[in-house]
Structure formats: structure tokens, C-alpha cells
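Two complexes come next, and they have one chain in common, subunit A, joined by subunit B in the first and subunit C in the second.
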Partner chain A sequence: MKEKSRIQTVINWLGPFLGLILVMVIFSSIPEVRDRFLRVPNLKSVATQSVIVALGAMGMTLIIISGGIDLSAASNIALSSVITAFAINAGFPPLLAIFLGVITGGLIGLANGSLITSLRLVPFIVTLGMLGIARGIAKWTAGNQKIDAPLTWVNELMAKSPRPSWLLMAPGVWMMIIFAVVMAVVLRYSVFGRHIFAIGSNEATARLCGIRIKRTKIIVYSLAGLFCGLGGVMEFSRLTVGDPTVAVGLELDIIAAVVIGGGSLSGGSGSILGSMIGVFIMSFLRNGCTMMGWPNYIQEIIIGAIIVVAVALDQIRHRKNF
Partner chain B sequence: MKIKAQGIIILFLFFTLAFFSCSSKEKGLSSQESRLEIAVIPKGTTHEFWKSIHAGAARASKELGVKVLWKGPQKEDDRAQQITVVEDFISRGVDGIVLAPLDDRALWRPVRDAVQENIPVVIIDSALQGDDFVSFVATDNYKGGELAAGKIGELLQGKGNIFLIRYQVGSASTTKREKGFLDVIQREYPKISLLVQDQHAGSTTETAYQLAENLLNRFPDVNGIFCPNESSTFGTLRALQEAGLAGKVIFIGFDSSPKLVQGLRDGHIHGLVLQDPVKMGYLGVRQLVLHLQGEKIDKRIDTGVCLITRENMDDPEMKSLLMPDLT
Partner chain C sequence: MEGVSKRFGATCALDNVDLELQKGEVHALLGENGAGKSTLVKILSGAVRPDSGTIFLEGYPFSPSSPLDSRKHGISMIYQELNLAPHLTVEENIMLGREMHRGGFIRQKEMRNKVRKALELIRHTEISPDLQVKKLSVGARQVVEIARALVEEAKILVLDEPTSSLSQEDSEILFQIIKRLKTQGVSIIYISHFLEEVQKVADRLTVLRDGKKIHSGNTIEVSLEDLIQMMVGRKLVDMFPKIPHETGDVVLCLDGLKGKRMQAEVDLSLRHGEILGLAGLIGAGRTETLRTIFGLDAVEKGSLTVRKIRTSKGAPWTRIRQGMGFLSEDRQNEGLASSLSTVDNLTLSNFSPYRSFGFLRLKKRRKAVRDYIKQVNIKVQDSNQPVFSLSGGNQQKVALARLLHQKADIFLLDEPTRGIDVISKSQIYEWMGQLASNGKAIVFVSSYLPELLGICDKIAVFYRGRLVDMRPTCEWDAQSIMTAATLGRPG
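Right after this comes the complex of A and B.
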């Protein structure tokens, strides 16, 4: 029995890795882009392109493990980026603007968590509503157009060639790595992390075990909101303008990354590492498809197929558990 | 059992990718010779306007023997994704990039990155801040506005009341059209008075329709209207038709679509100012190739605008602008 579950763990771990390796092997064997695909500058730009989805996916992983979902993630990112641009435009110091952007994300997450727990509504419905609300507030704040903010060091956060050159990669990429490690440790080893798994596996049992479900859920959604806020700051840094229409549909990419990485929409499973691999599978696919000059529809079909495959794997894993 | 199922899925995944990579491998072999590779990046890929640009770029690619890689942002009008596309083409190491920037500011940094990697960039359609690109190939929007004003002045015989329905706050190209229009009206037709000149139609046909409806209710004695883009023209056309004023009010619009062509044919629209996207796509690629071959090229190329009316709409030249041949 124990032997079997070990094999299973190995497969669960390896599954997403295999996908990533497969994608990279395929693109690096196509003669047209072979000598370009694995070059350091390209890897750097893929890493930079992944930061926003990766930050969103960290929060989403927690939410999905707890058995919930957050459809408002992308709208939240757009709102936070607009707030950051608005603050910088209003003459606030950049650090304060970043803080406001991140806090905005956190507040939206807090609102999600509070509504879900106090009104006992399904997360899908609450966050679907928040998707519209946050996007609307973003457009309102920006006066229905983009905000041109003056260039500051905030815009260097996502620059491909960072200012102090010893950083090697954009500061945003380092932030992504550090937060991923921290969140992975929190999720695996902290009491809070274990509580999230318990809630997602069986909420009723978790309650009987004395876990404070409401509080844990509110923290999970707020934390996810903070990550979206940071993602929004990164989005602003990349665009150099605050655009309320940015990232439409990005929540689906974020959810897909978590699911590809082994997260289960029925809760109770998922990992930060898996989600990060999911993010990179999609980024490398996009990057490779663009480098090949393939039309968008091919790219969409491939990514769509990969999501179905990943969910199918998820199902098979679950069938085994019973 | 489970291993089998997983195996099947992984195989499926592999074949999906392998299929696409193989099909391009064959192409790859034939294009091994040193043809120039040029990435053309539009704002979107599904609108009529961009299909015309693509047709022009494809024509240039055939004529000049260069390879054109056509790729827009995956979602129409998504600034972040357009930046990603530019970065990926820099990674590929294309010989040059033709770009229609979604934002005059957000695309500035990726373009600078390209230039640092010795990849020249030609900007088409919309302006970009900075000075990193080698040439800017676009419609002279100011001239488009002037043309429209001249036609309205001529049809109204220099007197009457008109509306200028603006498009949207912050849209650079349409603001230039509006300015060109206003300048000519004020300079050459002092007896034409502007009843409305600071109302914005907004980005959709629906908002334009509502605005035009309200304006027509308030000023029923209007004699002429100018709209600076496709959506505002169509919205206003609908409002005129609803109010029974279509054909009675002199109406000049901008850009074309099948519905606007029909309006022109019915006499509801008295003139449309047209751009030439096919030429824009063609010249964008050609300018870049000339630059790569070491020739000196102009920093600003005007692709021309012209005014089309019911009388000349069936001329072959005009027809090709109204309904471009996209093959």
C-alpha cells in the first residue's frame, strides 16, 4: 500500500515536469528556432513574461487547494495596475504607489473572502461578481482610458536588462522566485498551510477538528488578492501605462496553470511548484509558437489541448484514490 | 490501467506538438537560403483593416522575396500581449520588425530593446513615442479631416449649421482628423457655424448612436455632420435613418465597412474618407527591406487618403479601396 502511494507521488510530481521538458525538447529540436530557443536572452524574456501569471497563480493555488476559485484575479490585476499608475500620476512617491496597488489587490481579495464566508455564497458566484466590479472600478478610476504615468524606477521592475546589471534578471523575476519558495514552504510546513489542505479535502471534518474555517478562508482570499495586487504593479511596470482593459481573460490562464500543475478543482490537492511549472509550460508554448510565427489559432488549440490533458490526468489521479 | 491512460494522454500531447513541428520542419528546409525574415505585428488579426494590411505585407513579401511572419496579440487590442509578441520575435532574431503599436507609450521600451539588438523597426498606422524606429508609415490623418471639411463646405455652398462628432478622448489619430476638419471649416467657410464640436461619441457604435440621437433631437435644423471613424460614422448613420433625416443632412464619415458602403449607395452618406491599409502594409515591409539593404529612407511616409462619394464609388481604383482584394 505504502509502495503504491509512493509511486503515485512520484507520478504526480513528474507529470507536470514531463510536460515542461517535452515542450522544451520539441521547440529546441525545430531547426528554424533551435539555436535561439534555449539562449539566455530568450529564457530571460520568458521568465519576465511569466511573472504576472505566476504571482496570480500562487494565490490561486491556495484558493483552489481550499476548494474555492477566484475568477476576479485578472480584473484585480488590472485594477491594481490602474491604481498604481493613478498614484504615480498624482505625484505620490513610487514606493507609496506600489503599496497602494498591492493593498488594493488585498482589499478586493478581502472582500471576496468576507462575502464568501459571511453570505455563504459559492466562490464562483462571488468572484464572478467581483470580476465585473473590479474591472468597472478600474475603468472608472482611469476615466475609461489609459493613464500615462511619468517613468519612474517602478518601470525598471520588469525591464529585461535591469539597471544594476549584477541582478542578471528583472527584479520582478527575483520576486517571483522568492515568493514561490516562501509560499511553497508555508503551504507544506506551516499549520496554516495544512489547514488549507484540510479545508479543501473535507470542510466538515476540518470544522470538527477545530479549524477556524472562516478565518482561514478570509486569509487565503486576502493573500491571493495581495498577490494579484503585486501582479498588477508588475503589469504597470511592464506597460508603463495604467490600462484598465489589460489582462482580460488572464484569470483563465492562471487557473489553467494551477490545474496543469496538479491542482484539483474539487480541492485538497495542488502545489506551488506544480503551478509554477504550469505557468512555464504555457509561457514556453506561447514563446515557441510566436518564434515559429505560427498563427494564434494554432497556439490556442495547443494550449487548449494541454489543459484538457492536464485535467484528464487530474481525474485519473482521483479515480485511483478511491 | 492508470499508466496506460497516462501514456495515451502523453502520446496525444506529443503528437499534437509533433504534428505542428513536423509540418513546419518541411517548410524550414525550403527556406534555408538567406532570405530576410520580417515580423509584421498588427494590433489585432480579425478586423477587416488588419486583413488588408496583411494582404499588403504579403504582396511585398512576394515581390521582394522576403519571408513575412504575421502575428498579432492573441487577444485583440491587448497591449501586454503585443509586448510579448515583440519580445519573442527579438528572441527569434528576425531581421526586422514592422509594428502597428497599440499604445504610443507602452510599446516604446520593447522597440528600444529591438534596436539595441540591431533589429530595425518600422512603425505603421499609429505613432510611437521616441525616435528609435527607422520610418513611420501611416495615413496623414490631418489631411483626411481637411478633405472632409472641403467636401462639406462645397456641398453646403459655404453656409449652414454643422456638427463635429468627436470620437474619444485621447485617441491620437482621430483627434488629428478632427483638428484638420475644424481648421479648414474655420479658415475657409466662415459662414458655416458649428452647433456641436466638443461631444465625444465613445468607442462603440451604440454610444455613438445614442449621442447622435440626442443631438438630432436638440438641433433638428442641422445641415451637415462629420464623424471621424468607422464606429461613430455608423452610429450616426443609424440615428439619421431612425430620425428620417438620412439623405437630407449632408453626412461625411471616415473609413469603410459593408454597411457604410450601402449607406453611400443609398445616398444616406455623402462621402467617406478612406485610408489605404493595403498600401500601408506593403510600404511598411518595403521600407524596412530598403533600410536593410542599406538605402536611405524617409522618416515619414504618407500612405494617402481620398474622399469617396456616390459618384466615384464604382471607379476601379476607389472600389479597390472600398472592398480591398485580399488575395
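Right after this comes the complex of A and C.
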């Protein structure tokens, strides 16, 4: 009995990693890609490609645990990248430009949170509206074209070979890792984190226990907005231009990552670690498929199937527990 | 129905009960909450199967396998919560599930005729079949439900507390409909707590108490007083430990307080070391009053004074800071976050002892929770398990322990003993007595009279939203409370 429960805990602990390991094992055993797939340069490039979705997924994890959703994440990323480009182009110092980009994201998130709590609308509707509004503002700001900006150190945030070279990975990747650790700790060990879980698990109970639901939700959406803003800065860094049409549909990738990682759309469950694994499962799949020379549509079909299978497996795992 | 019995676990919900319903009569079913009325009716409707006993329908033995089966045999239930699809029209609702069609296409004319006929039968042609149900009043919705039953050619109609959400006028309309149905040969089982209403509409009545039939006979033969006596007539077992406590200063005072969902203004005061019971029927406004005090419902009028500080607006978190704790009657949907652990649920309203720089000291919290688990005697293997894996009684103890952990000194308890076993109940009574002796103030809402009489210092009785009377417990007895709760006048 005890033995069994120990195995169970091991499986439960490994559970989220299994999918990722499976994907990596599959690709590293296919002869065509074997000698390139698990190589440092490739791993670096996968990590760099994951940064933007990962940053978005950190905020999205909080929102989904609280029982909400944010459809405006990708538009927010585009808007923030345009604002950053705009600021650099206008001759602002890079640091200020980054700051403005991140703050723009935060403001969009703040608007989401405030509208959801004050108008008592469902998050789906508010953020669906914001998806259009933010994208529109981005195009407007950019004059419906790309904003070229002079090269600065901002563009090195996402460089595959970073300077100084002892960094080994792009500064953006390091930021992703640091923020992931910080957010994981906040979610698990902070009062704020517990409140998010309580709201998502049962909002009525949370209210009864004196948790300030409106305030908590506004903070959650603002924080998620800030992460999207940072994602936007990374997007700009990668593209070296501010493109208002970038990242269309990326919000679905972000949501998929959270859901693959065990987040429940009805709220109350999810984790940063899980979401990050979700992000990497998708990145490795894309990377592997590209290496195989498979066309885009194959990737789409596989990732679509992965989402359904991952969530189904997760549910079975939880059902077995009790 | 002959010799019907039903047990749920250790409790005997029905014990050898007979019920005879004649064609075209209105038969009232009376009894306190939990007397077995709804179980009896559920057996008739096929929702619950009896352990023993037989039902005869028009002389033939009848054992409904499901609610649908029983509906096909002409038995229709109309519950307190109406079962209509609000977005559909009156006609669509009446014909729902029995649409007339040819090859999948609706035969509108014939349906319209049938709906018209049903509405005519109960003389409510003023309700347009094309109106969306959500635009109708509660009373009119009930008319639609009855029309639906008629379209199904119901022979027996069960009305469960039909007037509890109706205004006086709508109730009168309902009584008219009932009269007309009688002349059509429809038999009606009428469940109600409002005794005067029963006297008005019922031909015969049956009184249940603790799952047993106490009386059955013609309505005119029994007086109101006798009915009340029959409903409550039980000796109070001494399961209420007397813990001496003294009342102190006023700690909470309501001045004409009226919340968004309260029907009338309420004045009330509560002292340190006092247990105040709120009695009344379900829907009499007790829960709404507690929710308004705790800031869960918005205050519309009046104010409340907590420890000499007057306030009106407030949210639960401000009330918790003022030392209040609220136990919800709806444990599943509101009281507990069932996917969270015992530790989380117990400490949710008060993280401050474990908080350092915004972070929780989990070990310290777990250790503290262990003490509370022991103190309240919660049976739990692992306090990190989600609370849905606990039994009902233990879940309730988690919810109660939360208030202790929160260090509340004004306890607002809404039906704290509902649906839990006798031993847990007795533990909760003892615990309430101890709290009072420590100077805590308790408001105790209950629909179970013996426990109110057993442990309260004062009892206030609600009737249809208003506070009828408040007196020390020694000036009340079961009969006078029942009179006030069912008739709305001090008995």
C-alpha cells in the first residue's frame, strides 16, 4: 500500500515532464535529425524561440488559475513591441524604451482587470474586445506599417550568441528562467498566490473568507499584462522592427501551453512549471518538425492532437488519485 | 401508497407510511423540515425508490422506475424552484419534450391549439404563448408549469411549497387554478408550511413527523393549534449540554437594516456571551439578514453598529477585520473551496500569523492547523488532501474551525448542523456553549426547533421577510415559535 503510494507520488511528480521527455526521445531517435536535435546550438535556439510564449504563459497561468482567460495577450505583445520600437526610433534611451514597452503591456492588463471587475463581464468577452482594441492601437501607432528602429543593445536581448559570451544563452532566456522561478515561488508560497488559487477554486468561498477579489483580479491581469509587455520587448528585439501585425494567434499558443501544463480552464489548478513544460513541448515539436522538413500543416495537426491528449491524460491522472 | 419505508444510511426517512389520495381532492402533506414529506413525494415521482411498500395507481400496483416513467403515468411534480427554460417561449416550454411534429418539422397550428386549450382550462389566456418565459413574473411562470402538467394529462399534481415565492395576489390566483383543476378530476398533493393556506385549499391532510404518519383526516376536523402540536410534538432529548455563560455588553446592533435581498427592515441586537437563535421557515429572510450583516449583500437602508462603531457599507473583508465570522448554509458551493486542501480552507480567512514579507511560512501553518484539527476533532488523514475527500460532518468542522482560526468574536452561523450526524451535532452545540462562555456572541440560524430551544438564550422568529418577535428562550415553546413562523403573529 505504502509502496504503491510512493510509486504514485513519483509518477505524479514526473507526470508533467513525461510529455516533454517523450517528445525529446522521439526526435532524438529519428535518424534524420538525431545528430542535430540534442545539440547545444539547437537547444539554444529552441530556448530563444520559447521566450516570448513563455513570458506570456507566466501571466496566463495566473489568470487561468484564477478562473479567467486572456485573449488579448498576443495583441498586447504586438502593441508593446510597436511602442518599444516607436520610443527607440524617437531617440529615447533604450532602457526607457523598454520601460515604456513593458508599462504599455501592464496598462492593457490593468484595463482588462478593471473592466472585468467593475462591469462584471466575463473575462472572455472583455479580453476578446481588448484583442481588437490593442491590435488596432498598435497599427494606428505604427501608421499601419513596420516601424524601423536603429540597432541598439535591446536587439541583443534575443541574440543567439550573446555578448559577453560567458552568458552562454541570450539574456532573454535568462530573464525567462529567472521570472519563471520567481513566479513559481510567488504562486506556491505567497499569500497572493494562495488567494489566486482560492478565487479560481471557489470565488464565493474566497469572498466569504474576506479575500479582496476585485483587487486580486486586477493585480493578476495587470501582472499578466506586464509579462506581455516584456514579451513585446523581446519580440521587438528579435525582429529589430516594430511590427503591428506580429504574433497573430499567439494567444492560443500561450493558452495551449498553460492547458498542456495542467491548467484548468474552470480555474483552481495550474502551475508555472507545468506551463513552462507546455511551452517547451510545443517548441521542441515545432523545431523537430522543421528539422524533418515536414510542412507547417503537419506541425499544426500534431500540436492540436497533443493538446487534446495532454489534457485527457492529465484528467485521468487526477481521477485516479481519488 | 401503503406501508412505504425508506432509509438513508442510519436515518430512517420514512417508516411505514400510508397515504391515500382520492380523485379530484387536494391533499395537504404537513410536517417540519426533515419530517419525510419530500422523500415520500420523491418516491411517488420515481426519483427515489422505496425500501418497502407499494403504490397503487387507480387500483393497479405501480412502481415508477424514473421520473419520466411516473410522468408518463400522469404524475407531475411542480417544485419550489421552477424548471423552465427562461429563454424559450411559453409555448415552447409547455410543449418541451412533447413537440408535435411531422418528419421532424414542428406542426405549429396543432401545438398552438393544445397550448391554448391548456391555458384556457386554467383560465389564463392572457399569457401569450409567444412570450419568453424570463419576461414573466414568478406567479405566471408557475401557471405555465401547471399548464405543462395539463398538456401531459396529469392525473396527480404535486405542488411543493408553491406559494413560498409568490405574492399574496399570485397565491390567490393559484388557489383559483387549484379549484378548477379539482373539478377536472385532477388530484393534488399540496406541500406547504403555511397552515392557514392549507386550511383554505386542502380537503384532507396528512401530518408526518420523523418519518412517521402522525395523523390523516379531513381538514375541517382539526384546528390550527392541533396541527402545530402534531407537527412539533416531540420530547426534547437532552443532547444539548448546558454550559453556563453570562451576557455582557451589546456588540452588534441592527437599526432598520435592509439588504438588497431582504424583504423588510430588521432591528436586532446581540450581546457578548449570547446565543441568539433565528427561527422561521425556509425563505423567511434569516439567511438574507446574515448575509447583509456580513457584507455579502449590499445594504439598502439602515445601519449596523459593531462594537459602538456605526457602519452601513462593508465587504466581507472589513467585517472579518471587525471580528465577524460567517458560516454559509451552502457548504458545497460557498462554504468551502472543495479542490483546495484542509490547510488552505482552514486558514483562508486569516493568513496573517504565517505571513512574512508577503510569503507564507508553510511549515508553521501546517503545525498550527494540526492543533485546530485536534481541537475540533476533524478526522483527516492528510491535511494537504482536498476537502472534497472528507465526509460531510468533517467538512463542516473544517468550515467551523476556520472561524475559530480567524479568531472571530461575532459568529454568524447559518444552519451549522444541517446534514450532519447526531454526534457531530452535539459536538457543535457544546462548542457553541463554550464560545459563549468565553464571551463570544453567536447568531444561530436553524430550521430545527429543538436545537434552538435547547441552546439559545434568545430566539427571534422571522415570517416572510420580517422579524415577528424576539424573546428570551424561556418565553418560547415549540408551539409558539411554529405559530409565529407559520402565521406571522406572536403566538
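In the analysis below, the second predicted complex is superposed on the first by the 300 of 322 C-alpha atoms of A that agree within 3 Å, B and C clash if a C-alpha of one lies under 4 Å from a C-alpha of the other, contacts with A are read in each partner's own complex, and residues count from 1 in each chain.
Keep in mind that, in the parts below, a contact is a pair of C-beta atoms (placed from the backbone, for glycine too) under 8 Å apart; a residue touches a chain by one contact, two chains touch by 3 or more.
Quantities reported herein were computed from a predicted structural model and do not represent experimental measurements.
With the two structures overlaid on subunit A, would subunit B and subunit C clash, or do they fit side by side?
fit
Write the angle, vertex at the C-alpha centre of subunit A, between the C-alpha centres of subunit B and subunit C, to the nearest 10 degrees.
Reported to the nearest 10, the angle reads 130 degrees.
Could you figure out whether subunit B or subunit C reaches more residues of subunit A?
For subunit A, the partner with the higher number of touched residues is B.
If we overlay the two complexes on their shared chain A, which of subunit B and subunit C does A:204 touch? Say first, second, both or neither.
In the superposition, A:204 contacts subunit C only.
Classify the contacts of A:22 with the two partner chains as first (subunit B alone), second (subunit C alone), both, or neither.
The answer is first: A:22 touches subunit B but not subunit C.
What is the contact status of A:296 with respect to subunit B (first) and subunit C (second): first, second, both, or neither?
First partner only, subunit B.
Note down the smallest distance between any C-alpha of subunit B and any C-alpha of subunit C in the overlay, whole angstrom.
17
Check subunit A for residues that touch subunit B in one structure and subunit C in the other, and list them.
none
Considering only the defined contacts, which subunit A positions touch subunit B in the complex?
11, 15, 18-19, 22-23, 26-27, 29-33, 36-37, 39, 41-42, 45, 48-49, 52, 143-146, 148, 155, 159-161, 235, 238-241, 243, 245-249, 286-287, 290-296, 298-302, 305-306, 309, 312-313, 316, 319-320
Which residues, counting only subunit C, touch subunit A once they are in their complex?
294, 296, 315-317, 319-321, 326, 328, 333-340, 344-345, 348-349, 351, 355, 358-360, 362, 386, 388-389, 402
Considering only the defined contacts, which subunit B positions touch subunit A in the complex?
Of all residues in subunit B, those touching subunit A are 2, 5-6, 9-10, 12-14, 16-18, 20-21, 24-25, 28-29, 39, 45, 69-72, 74-75, 77-80, 83-85, 87-93, 103, 105-106, 108-109, 113, 168-170.
Could you pull out which subunit A residues touch subunit C in their complex?
189-192, 194, 197-198, 201-202, 204-212, 268-269, 322
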